[in-house]
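Handing you this structure, nothing more for now.
As written, the chain order gives the labels A, B, C and D, with residue 1 at the start of each chain.
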């Protein structure tokens, strides 16, 4: 495999725009981050009044979604006490986030990057992230 | 003083837009990051083909410019061997960048945030950062 | 005792080859890492399409298996909430992995190194790791 | 930009094989690491008797060469006291190596990954890395 699909800045902006619109609709200021196929940050925004502690979390949710090609919500189910990946949050220098809000970005059925949202409840973050991902 | 001036997401986007335009003018794909008064990231972009190692550097240049209310170019002069702040780059968990490309953002003579650029030579980064800062 | 048994690069490659074959058989692209008696990396591969977040995990599973001369699957049973080693995953700078996929390498009944696999479910990782270890 | 060129495991192995051959020719056991376009590890070997402290260095030289699309030897010239990137080694969580032995991997004039070598003198590491890169 020598050619891969990834996410351009224009695409990352579309993802963020879609997420930002949803965040406004539900009234939850959020951090939204997009990473490319290599897991590296392409773009990030923190909406006014969104948590400063969520900058890091949004970026790492996006990384996690791409790093394991899974939503962080689904990963969470496998990462609790007794589950098959309990302890995974200690890997990758603490960059693995195991709660909702990180979603892989797909094009033609292949993962090309990830989006991470942090700012509200898990349900809100997941809602915004899914809307963002649909904006690709 | 209980009221501070800071940088909104709209303003950060104007700063990035101005920097991005300059980066295109000089033909140097760049990472551009904006932090607010608290030194926390408001927005970041990595232009297509810009270095992945510069994501971290752009964000930390913006932090440094605000953290010490100085351009990272000026800080560099004080942070080399024998200079008064030699070793400062080891503080703040490695977030202090001591080479050109980080510039404080001013409004009415007061620092309200910072912008950091990484992607080209020190001179190019500085040029883009100054253009970005002027876009506030 | 001043002489120890360890793992050479040739042996590490045999271990990886055996693991890679099993990973292909079960259709699960994987990261496979081998450490020597000192717990230090001898060789690593990431198969095409295997998770990038699993690079770190495979290396650390191999380290963990050798560091405590135990499979990470068995360690997991002792590292959960209420168990005797709960919290051990916070030691060794986050290098201790407490889920399946890390297996000690034995020669003549003595541990000489470790192999770590990450890329699929815990069961898949364990299957690949055991096949890899048998290749020594 | 949505499609990029990267490095497959087969290609990484060719790179390592070419580097390993050169390392044997000059009699210097070495660590050799290859990263893909995203800067993530694809494969690594430590030849028998090569330094254990060089595992990390080889991987990070490969990362650095890709992260900034430059040889670490050339980067070194820009990273010393008084040079334009002095302090860059403190960025990216200490992963930036500023001495010889890291070389970008090119295909059709585009950077697709990086190779990092550590084990001997700077000149030896550079020699092995260049031979490795030519093996792509």
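Basically, a contact is a pair of C-beta atoms (placed from the backbone, for glycine too) under 8 Å apart; a residue touches a chain by one contact, two chains touch by 3 or more.
Listed by chain with UniProt protein names: A, B, C, D = Heme-binding protein.
Treat the numbers as computed from the prediction; the structure is a model and nothing was measured.
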**Candidate from A-D, A-C or A-B with the same interface as C-D, over half of contact pairs in common** = A-B
**Fill in**
Between chain A and chain B, the Cα-mean centres are separated in Å by 25
**Item:** Distance between the centres, which are taken as Cα means, of chain D and chain B, whole angstrom
**Value:** 29
**Message:** I need the residues of chain C touching at least two other chains; which ones are they?
**Reply:** 48, 52
**Asked** Looking at the whole structure, which two-chain pairs count as touching?
**Response** A-B, A-C, A-D, B-D, C-D
**Asked** Of all residues in chain B, which touch chain D in the complex?
**Response** 48-49, 51-54, 56-57, 60, 76, 79-81, 89-90, 94, 96-100, 121-123
**Prompt:** Which of the residues in chain B come into contact with chain A in the complex?
**Reply:** 8-9, 12-13, 38, 40-48, 52, 55
**Prompt:** Which bits of chain D are touching chain B when the two form their complex?
**Reply:** 1, 38-39, 63-64, 66-69, 81-82, 84-88, 90-94, 96
**Fill in**
Residue positions on chain A within touch of chain D in the complex are 1-8, 11, 36-40, 93, 107, 112
